[in-house]
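Labels run A, B, C and D following the written order; every chain starts at residue 1.
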Amino acid sequence: MRSPFYLAVIGGGDAAPDILELAREVGREVARRGAVLLCGGLGGVMAAAAQGAQEAGGVSIGILPDAGRSRANPFLTYSIPTNLGYARNVLIAHAADALIAVDGSHGTISEAAVGLKLGKPVVGLHVSWEMAGLRRAATAGEAVAAAMKMLGR
Amino acid sequence: MRSPFYLAVIGGGDAAPDILELAREVGREVARRGAVLLCGGLGGVMAAAAQGAQEAGGVSIGILPDAGRSRANPFLTYSIPTNLGYARNVLIAHAADALIAVDGSHGTISEAAVGLKLGKPVVGLHVSWEMAGLRRAATAGEAVAAAMKMLGR
Amino acid sequence: MRSPFYLAVIGGGDAAPDILELAREVGREVARRGAVLLCGGLGGVMAAAAQGAQEAGGVSIGILPDAGRSRANPFLTYSIPTNLGYARNVLIAHAADALIAVDGSHGTISEAAVGLKLGKPVVGLHVSWEMAGLRRAATAGEAVAAAMKMLGR
Amino acid sequence: MRSPFYLAVIGGGDAAPDILELAREVGREVARRGAVLLCGGLGGVMAAAAQGAQEAGGVSIGILPDAGRSRANPFLTYSIPTNLGYARNVLIAHAADALIAVDGSHGTISEAAVGLKLGKPVVGLHVSWEMAGLRRAATAGEAVAAAMKMLGR
């Protein structure tokens, strides 16, 4: 079986409608490219990205901070409860081949920073924060394309 | 999308041929029942169970102790590197609806103990150790059936 | 500064008076030997052991499963909240040079199993469970002496 | 026993001499205020801060990313190996009442971000990055004083 590749979509659990639409389009694009979508499994950007992946016929895995699945969003194909709280952000950085940050605040920043520390490509879409090594993109398609290119795919 | 259910197969990274055959049959049985197989993602019992799931057309997810995927067994459908070492055993107990231990030693015991602590059904197949609350089974089919029954499925 | 050595006392958060007295005596003995006492930081055996260490003028560090210190027992010298739930048991096994189990059930078993898996000496005092590699002792003094001897101290 | 309070000093494992001197002065100041110094336990800023705490007669605890203590810096009073890699950064954020970042890059940013996410005061000293909620200070004394004031001490 050929090993899949994994793109994480990271962002806030609470987001404005235009951000959610952007995350959904990233999710669709990840699925169209044949990648497995990883996310934090909860609402907001995480749910929108999983919804997009589902709409495009793709697979998503949510790595939850909780002990169980009760807060998992309904669009996930699979979910992994960890009971690790924010330490699950570090797992996402390890499990992803590349990360795409959509907006987001401190939680997203912590994930992006660990991703960069691990040498993973991290692309920012509509992010208001700065970080050395962050590659910016203007559209969902451009973000996924940039991540793929940095991965040599 | 209807939420899948998750059965973990736990056991040693190094095992005798008859144990591996047993784990493979458990993997097949898990897949036949429509459950997602969770395992630790490495070799031995973990690889045999994933192989069985693959043979029966099922899905397996390996939750790896490592920072990356280089030691992931080739039968996994998906893998999640955690960089948590043995703490990933606790994740498996959280992520599984029920656990089936095939043989195994201290690592497996730690997983089974956390599973029982969390109130999950834990079934032992060919295990040489004792644990309060462990349900024993004699065959792969019986083990999966016992886990399903304890889950009310 | 000479590096201290660390003995973990592991056991249930709820225990009978005679078990608590035993844990307290283990705590005193650990402190008399000049070791730092590690424990899970909550009540029962964990609190009794920390109380014993305090009575003998020693130092204890509680590694808590919680996000904060509100459930930390009042006898600890220091406490480290982890927000890791039962995964903190694995941290205790890593941080301890040797582990002494006083009674206890599934949580304690998981800690002892990881300790043995990591090659640490694990001594059982008044434990009702069996585990390959577990060294048994009859008294608090004997348990600590056995752990010290296995550590070559 | 009155519960101690905990100030984390976070920063890179590799740092220029002036940064190390600054971290050492922060360590001294933390100890003079009677706080327990928490750090990541390795070299660079972590070692310099622990050295400062030691010089001022204080206590430091290093929360190590490794499975053992071989890379622990020699100035720590106590050390806790976690085998969690960068996930130990999240533990430091949970264990600290406030965090002081001295210079630092992605690892430090991830810690500061989780600290702010958890609602902890985070003070930046000689940091080249920006983060919403970060309080800046110009000297070691000012940084510790700002952290104490935000804690209401």
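As a working rule, a contact is a pair of C-beta atoms (placed from the backbone, for glycine too) under 8 Å apart; a residue touches a chain by one contact, two chains touch by 3 or more.
In this text, all values refer to a predicted model and were calculated from it rather than measured experimentally.
Ranked by separation of Cα centres from chain C, the top chain is A. By number of C-beta pairs in contact, C-D leads over the other of A-C and C-D.
Mean C-alpha positions place chain C and chain D at a centre distance of 27 Å.
Per-chain CA centroids place chain A at a distance of 40 Å from chain C.
Shared interface positions of chain B, i.e. residues touching 2 or more other chains, are given as 67, 83-87, 90-91, 94, 118. By the touch criterion stated above, chain D contacts chain A in their complex at residues 84-87, 89-91, 93-94, 105-107, 109-111, 113-114, 116-118, 129-133.
Listed in rising order, the residues of chain B touching chain A in the complex are 1, 3-4, 36, 54, 59, 61, 63, 67-69, 72, 74-84, 90-91, 94-95, 118. Chain A makes touch with chain C in their complex at residues 67, 83-87.
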